[in-house]
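In order of appearance the chains are A, B, C and D, and numbering begins at 1 in each one.
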Amino acid sequence: MSDLLIIGAGPAGLSAAIAAAEKGLSVTVIDEFPKAGGRLLGQLHQEPNGEWWNGIQKGEQLSQRARQLGVTIQCEVSVYDISQSKNGWDVYTTKGEYKAEKLLLATGATESPIPVKGWTLPGVMTIGAAQIMGNVHRVKPGNSCIIIGANVLSMAIANELKLCGVNVKEIIIPKADITSNEAGNPEQVLSSLMRLTHLAPTPILRQLGKIGKLVHPKIAIKLFPRKGIRMFDIPLRLKNAALEIVGDRFATGVRTANIKANGEIDHTSEKVVDADFVCIAGGLTPLSELASIIGCSFKYIPELGGHVPVHNEQMQTNIPGLYVAGNITGIESAKVAMAQGRVAGLAIAADIMNDWEQMETSINKAIENVNITRDKALIQFHPGISDARKKFYQKSEVDLTQISKIKKREA
Amino acid sequence: MNSFDVVVIGAGIIGCSVAYHLSKAGYTVALVDKGDVASGTSSRCDAVALICDKKPGIDTEMGFTSIQLYKKLAKELSFDFEFSSRGSLYVCETDQELEIANYYVNEQAAAGYDMKMVDGKELLDIEPYLARDLAGGIWTEVDSTMNPYLVCFAFVEEAKKYGLKLYSNHEVKAIKKRPDGSVEAVVTDKAMIHTKKVVNCAGVWAGKIGQMVGIDIPIKPRKGMVLVSEKTKPVVSQKVHEFGYMLSKFEDINYSRNVSKVVEENNIAFTIEPTEAGNFLLGGHRSFKGYDITSENRVMRGIAERALRFLPVLKDIACIRSYAGIRPWVVDHLPIVSDVEEVPGFYIASGHEGDGISMAPITGRMMTQLISNHETDFNIDRLKFSRYKQSSQII
Amino acid sequence: MAVISDDDKIICRCEEVSLGTIKDIVHHFHCSSREVKLRTRAGMGYCGGRICRTIIEKVVQDINNEKVSNESQLSYRPPIRPVTFGQLGGSGNDDES
Amino acid sequence: MTMRVEYHPVLGNLENQRRITIYFDDQAYQAYEGDTIASAMMAEGVKTLRYHEVSGKGRGVYCNIGHCFECRVRVNEENIVRACLTPVSEGMRIHSLS
């Protein structure tokens, strides 16, 4: 029995573990991936000051620090069920049962699918799958690739694949249909790229950001060259749609066609672009199935990437003793996740020691740090995150006093 | 103005069958449900029509007739509901159970039902993956399987051809009565539907509908959890269940199994059945938990534990999902298929507990006979609602 | 040139349910995503619907002209990762203390 | 041909990897210690890890983090595991599902 069990050894989970362990809590972190680090593991990009953000190193630093503080980190453990008991939580895993007084869900995100014809063929994978294959396992899924889906994540990973020696032939968008959302609409794709912060991780995105302040997306997409623009020497083609992934036993290429000005497909321009593998980049959405089986309330917030469990700024959900941090609360960068993890760790410590007053200052400072980190973030997955968060927390049905009341009644 | 000969409340398998049979008989029918078709118990249950789990007597008789009706419906209805007659196998863990089973089979056989005893060796010929130390069992060929929610869809599709009007996502809020106390209209959150006859097929929610006309229907929700396996090799080829299932269903049989606390406390008995899609459904479990349909971890583990006892091959097979349903339980384990003297025009077809799937066709048929003032296929005096009034007077 | 139809593309990878099948069901029955699941088996496979559920809900919402609600219609049910019956029902069930 | 990223301009070079032998559908393959089944097979150019149980169509790694279960394989006769989450070990015998 630990004071705190954390599900997910990513940036949020590990940071929470560190913060809680520093306050003297016994903490266990579990994760189903063989290595600790979560989504940090795949990340590799250059900061504006020229330094590389090496996620593997960051992950190692975090897990080392956690272990130094006595945190138990166990990998290859899959949680399949959770139930609440008198003394806290029973967590059922493929490696047996874990018990803890408080529970933190830091399960991160999952990639949204874009179903493209042929996407079940071997050799078709999510962009995140290719990222982990290349950066973590140091294996190329193939020598050449096409990426379907143009967003901040796919553009960052396209460059990482290039660094692994993959010939990324082009980034294109899926053919618009009922399943593709905005991902298939050239104007909306460009518009969301243009709304990215001026601190975007690549010069071309920063450029688009600047253009975005001057030109309406409607006009910008008209001016956008059919051949695409080059980013790290990779063509970003927004007037070109993926119709179908072709291949017999595995993917060998993508049938593409031009998109006409009215949005229709110009079938006379169809051609097959060869590639060894194909990546689908549908963006990220919070992975909240555990919160769902526990019975959390949810809110649909598009800016945060979809359905998020209702929680307050102290990272408490509407279920007493259950906390959330990181991408499960909305899609943001690893740095924000780390800052949120710290808040959760401190709040849980305050909860266990039943001493909110004494820890109030440090918790508030940690919350402030989340906001500062968010505002400085290089990658903002959705424009309007800050505002959406503020609104969400103002209206949050979870408030501290309410939870302490519940606690008292139980006692 | 919305006006129908009959309004059927509840689009579960009983309501769908009643609506179908009434529509086919020429009545104008409205089928009303607070959700979609089959959005309650009928999509959270197992998928069999059995006679071998029933007590000898009217229970078994109606069950048998209902299966014969299913066979006809499978041919008649244009919508495939995955019907097949696979048979079923009861397994007895001990000689003592085998003895009780033997007594039971003799009684059923005397009534003319085709059930036979098999010994431990024959069990393995029929289902080779069963544990090798079982005492024996009962084999029934008549027992059948189907997909319960597809049955609902099939009834509704067919009934629409006869003019059925479906009011899904209409929650019944009130039932209006005339000054003489007879039914006048059903009021939902979205519409007022005029009618002289209402059939309450709301299953576990039948009591709430009953309250709207001032009667007390003693139906309680009884929860049952089911585990779903991955698609895998044919670990069984038919419904297989432990004889202890009977013992968990009927509280009045005095026999206690040598089982773990988890199995005992949660009233768990091994059942497994194949589905058309190649998965297996595992149960069974019964408990009174109000309207709660969450999946309970203890029950999941208990079901798995009991299943491994009888079918060790399951050890390396994955459970991919679980669900729980609530079944309309009545104290005497016989459904209510009845008119209601106090409220002219108000009928009840509910309280089938775990037999709703089995009994749907015969219930729909007899409710139609009742409403048409025809003689019912069976003497349904024992299914009358008034039996509860009498018993409470006795108490 | 023959225009490729998208209707035969797969939405539910586990049960291999196509977009066309799902669209037809929603058009015909104007039903919820839960009913789509029951009628087509989309989302009922090995992965627990984790990959396709958002797409199914989107198709249903688009055709029925509904807004995205705060609570999903397709509930999650344990086990949220497949677990063998051996792991579920193995020793340690009577560990009540 | 190996698909290993031996050289990397930022992450550095792969050095002194311990090689082990694993078997996929009874054929021997070289893997590195620390590989998952999925990365080991992808390094060897094997993309198809499983055949759909109904249609028989090939499937491979899709999400690589354990969510989609497309890469599930059978290991050592019994256990079905996700190739993307399961580290290889010397002499491991892996079988595709169909």
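The rule we apply is simple: a residue touches a chain if its C-beta (ideal position, glycine included) is under 8 Å from a C-beta of that chain, and two chains touch if they have at least 3 such contacts.
On a predicted model such as this, the values are computed, not experimentally measured, just so you know.
J.: Which contact partners do subunit A and subunit C have in common?
T.: Shared contacts of subunit A and subunit C: B, D.
J.: Taking contacts as defined above, which has more of them, A-B or C-D?
T.: C-D
J.: Find me the chain with the mean Cα position closest to the mean of all the protein Cα atoms on display.
T.: When every chain is reduced to its C-alpha mean, the one closest to the whole-protein mean is C.
J.: How big is the gap, in whole Å, between where the Cα atoms of subunit A centre and where those of subunit B centre?
T.: The computed centroid separation for subunit A versus subunit B comes out at 45 Å.
J.: What is the distance, in whole Å, between the centres of subunit C and subunit D, each centre taken as the mean of its C-alpha atoms?
T.: Centre separation, subunit C to subunit D: 28 Å.
J.: From the C-alpha centre of subunit A to that of subunit D, how far is it in Å?
T.: The computed centroid separation for subunit A versus subunit D comes out at 25 Å.
J.: Taking each chain's centre as its mean C-alpha position, how far apart are subunit B and subunit D in Å?
T.: Chain centres of subunit B and subunit D, defined by C-alpha means, are spaced 47 Å apart.
J.: Please set out, as single numbers or ranges, the residues of subunit C touching at least two other chains.
T.: 13, 16, 46, 48, 50-51, 77-79, 81-84
J.: Among the residues of subunit A, which ones contact at least 2 other chains?
T.: In subunit A, the residues touching two or more other chains are 32, 78, 81, 92, 110, 120, 293.
J.: When you check subunit D against every other chain, which residues touch at least two of them?
T.: In subunit D, residues 52, 54, 57, 59, 62-63, 66-67, 70, 79-80 touch at least two other chains, as defined above.
J.: What topology does the chain contact graph adopt: line, ring, star, complete, or other?
T.: complete
J.: Would you pull the subunit B residues touching subunit C in the complex into a rising list?
T.: 36-39, 43, 149-150, 153, 227, 229-231, 260-262, 277, 282, 295, 297, 300-308, 314-323
J.: So in the complex, which bits of subunit A are touching subunit D?
T.: Of all residues in subunit A, those touching subunit D are 32-34, 44, 52, 54, 56, 76, 78, 110-111, 120-126, 128-130, 132-135, 137-143, 163-165, 249-250, 287.
J.: Considering only the defined contacts, which subunit D positions touch subunit B in the complex?
T.: 53-54, 78-80
J.: Can you tell me which positions in subunit B touch subunit D when the two form their complex?
T.: Residues 231, 278, 316, 318 of subunit B touch subunit D in their complex.
J.: Contact residues on subunit C for subunit B in the complex?
T.: Against subunit B, subunit C makes touches at 15, 31-32, 34-35, 38-39, 41, 44-46, 48, 77-79, 82-86, 88-90, 93-94, 96.
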